[in-house]
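As written, the chain order gives the labels A, B, C and D, with residue 1 at the start of each chain.
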């Protein structure tokens, strides 16, 4: 059911990333996402970065619509439907959280639920540059350690967060890894963790239209990310040729990750 | 155990439940998942000559358990890119019906030739999408064009051709008659019903395209009436579709005159498992009614009733 | 407090919520009950030249909260006997719209003259009942007849004439255009959507007439699309009807282009109290949206949208 | 919701009246009715004469359809929708039950509920002739007295049950009267009871089509018998000019009670 909500607050989390909060009363769990409609513009899947009380999404300015979202202000109206999808299992264990870029958005509420339930948390975050590290301060009080990595070395480890993870996972023992970020990153995390027998849960993104498991836009192997995911066991993903290799554009064509979008006829010609 | 097999013309089907076009149709693996779950056949996404993104989101409006409004805008990767998906779908023996759409008879013919090469078991002509300019029901609402397009495709390919007609017509059965005139082997009915959602807070239409098509339980009584009326007018098999989500929904379409049925929107709630659940349910229900086979039901509700 | 008043052409209405034809329409006292409960006006049952029993039961099939299927078959006591009911309805000042149906322009004209004598505020021409042979949508689906009948009535009586059109058409807006050509003062849309129910245990249609018309929430998205399309094509006011049961349903029709709306099936669950509840609800909702009056909403969803 | 049920038993209650039982699980209360469909024939409103366990209707052969119903056998299929309408208030009091002809069908389950709840019951039944007295044996064990009246004097008082009631109501004190039968009878019962200040509840019949309060076929003054009734306070009915005077035929025309039905065009001409 779609509902129109008013943005109740806006927080600039990083130079490119903004959190918008809004009132909602449908039950939501960490890992789930909503379809967020910017009236007059597009509708995009967005993970809930806050699942209780005033709900929230944390959006990184990427293309035109996400940039538009980050410019929304308190009092602006947005359309919301969902929450959709499955959730992270927050049963108390020792979890290594690995967030890349805006991927940390979906992991933060899961981390809070984990720790509240008595679980243990270690955090590794990566970003292009220091100021872009998302939710480091939100996670710090929950974690026994917060490891940071930046591409430009401006904060924490100089390099990929995957390097940090590869090291951590052999030195410390974790019950499971949660990760969200670029698919190539998640794939490396999965490889590192599976080598030492630690199960990994990845939150995956695909182009979405219906979000109710019918249109096939989000097809990933035999799964629909909108209904069967977005959280998948790494072991399942590893067996899919598409994982970290290809996704589908709005027409349904498979594209390798990182390739420029092909030209496509406008819809009504 | 009741016999679930049926046939649509020459095409034999292990179950009367098919996957409708546009549902799980972008990816060949998804199509195969539906077939592996027990579908009698799967209908591909409607494929055009070129890749199409479809309309921008929002493309969907949900109405709780009774309906779904969509204006996807016929997104599809185009015939060339889709071959690979069809190959994936047909791996393991899935029976695939290839759905195509075009602007005119010659585009339909070209697509039919390309689709036929992929090894599909039949073609379904989308003459009925209610929300695409110059396509779907805009041409499929004209009986002359329906005949012309059907004939062009029939002349081009040796496959069974199913004409999928629109309920957005004064007399949908007349469109079926037009398809028969063009040589159609079966009629598929119905596509979605033209509809719209408007938001009060925003004072604007919800779907980017404005108009869309309604599907799901709400359209079942509408689809049944269309199939009933077609059955009274044509001799070729009918494939019923619209709002089927339960065993009795499917059987009602058979009683109205359908030889097989397609399932679309219900997949939202039922997933692939719906096919095995419904297959088992139909078998059980037929046993309960002491009816030996699915085929015994086809058109049975017309018996003893005066033409209505 | 938002202003609930609206007008349909020259006719001023204290509320945009009218009682739809065929609902509580056999008895004048029932019509008045709806008016007293807050309806802006009440539309009579569709009245013909002679008494008609309608079809034998079953005439109704219920679909839980989302729909109702009916084939009443236009039961009515005939114009002569109905005068007394209209008199009873108009006692106490109820604004009554007289609905009539006939087989051709001359029967419509005769009925219009008789109806006009009873003091109704306007006439509604039923060109759209989907389940009566030689009546309703069977003639109302032909633009030429729509023009002819509307013109015959307009020439005969000095009252505002509302043409009620069918959604069972490829292009319902074309029928509205035809009514405008005949001089219609307003368009009412929609009547019920052709539909059917079939029972599996009995292997037969449920309604005695077989085919019927679907109403209730399921047809709201369909009615909105029709009203939207009509608004883009004609300049005269539109009276929206189809599936309205909530405040937002009514406002959506106004936004799509309706100047007033009618409520039918929802009366089943809401009773007469629905009118006062919805009047209060609309007032509250408009205040919340900071919109001063119902009239400010009419067609507002078209602004800033490209024609769809 | 319509459902198809199988007749599980058939009991010939009187020469003209038959009870059919069928399984159903929707809650039903004394006073309510169902729309009973005889496939291939008509659908008629029928009070539930049994509201618990296997439900039942008790039908008197009047016209073609009711006659058809009385000929149905165990194993035959019927369509049922409902129950619809309001109910008798069975709070424990001393009730005078006045049944005329098949009207007793709806009163019997109310009487059982009353007595089970600790109420007191006196019964007066009328019929054309002795064998047509309905449910006398069913009610006898519940009542302190069962008074019978027949038009032909073949059993009980020779004359109208209303005469019996007029006498009873002045001799004994009742908290309320329940009645169902010909409307002229109910009107007389109402007059007699209101003279001594005893409230009366009448179960009223009108032509019904939709049974969901929309088609107006069952209009009675400002009420719809299918939704606002069928049980009405006598004091309400007394004020309606139609009560005991007129009803509506299927076309909606008002007819005085007892008049022959007028001719009407067939539906599709």
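Definition applied: contacts are C-beta pairs under 8 Å (C-beta built on N, C-alpha and C of every residue); 3 or more make two chains touch, one makes a residue touch a chain.
Everything numeric here is computed off the predicted structure, so don't read it as measured data.
**Student:** Measuring centre to centre, with centres taken as mean CA positions, what chain is farthest from subunit D?
**Tutor:** Centre of mass proxy via C-alpha means gives A as farthest from subunit D.
**Student:** Return the distance between the CA-based centres of subunit A and subunit C, expressed in whole Å.
**Tutor:** Distance between chain centres, rounded to whole Å: 50 Å.
**Student:** Taking each chain's centre as the mean position of its Cα atoms, how many Å separate subunit B from subunit D?
**Tutor:** That gives a centre separation of 50 Å.
**Student:** On a C-alpha centroid basis, what's the spacing between subunit C and subunit D, in Å?
**Tutor:** It comes to 36 Å between the two C-alpha centres.
**Student:** Enumerate the residues of subunit C that touch no fewer than two other chains.
**Tutor:** Within subunit C, the residues that touch at least two other chains are 61, 199, 201, 204, 209.
**Student:** Could you list the positions in subunit A whose residues touch two or more of the other chains?
**Tutor:** none
**Student:** With chains as vertices and touches as edges, which is it: line, ring, star, complete or other?
**Tutor:** line
**Student:** What chain-chain pairs meet the touch criterion?
**Tutor:** The complete list of chain pairs in contact reads A-B, B-C, C-D.
**Student:** Can you check the complex and tell me which residues of subunit A touch subunit B?
**Tutor:** 1-2, 4, 35, 37, 39-40, 42-44, 77, 79, 81, 209-217, 219, 221-222, 224, 227, 248-254, 262, 264-268
**Student:** Enumerate the contact residues on subunit B facing subunit A in the complex.
**Tutor:** 22-27, 29-30, 32-33, 45, 50-62, 64, 68, 70, 72-78, 81-82, 85, 132-134, 199, 201-202, 204, 206, 209, 264-265, 267-268, 271
**Student:** What does subunit C use to touch subunit B in their complex?
**Tutor:** Against subunit B, subunit C makes touches at 61, 63, 66-67, 69, 137, 141, 166, 168-170, 193-201, 203-205, 209-211, 214, 217-219, 221-222, 224-225, 228-229, 248, 251-252, 255-256, 285, 289, 297, 300-301, 303-305, 308.
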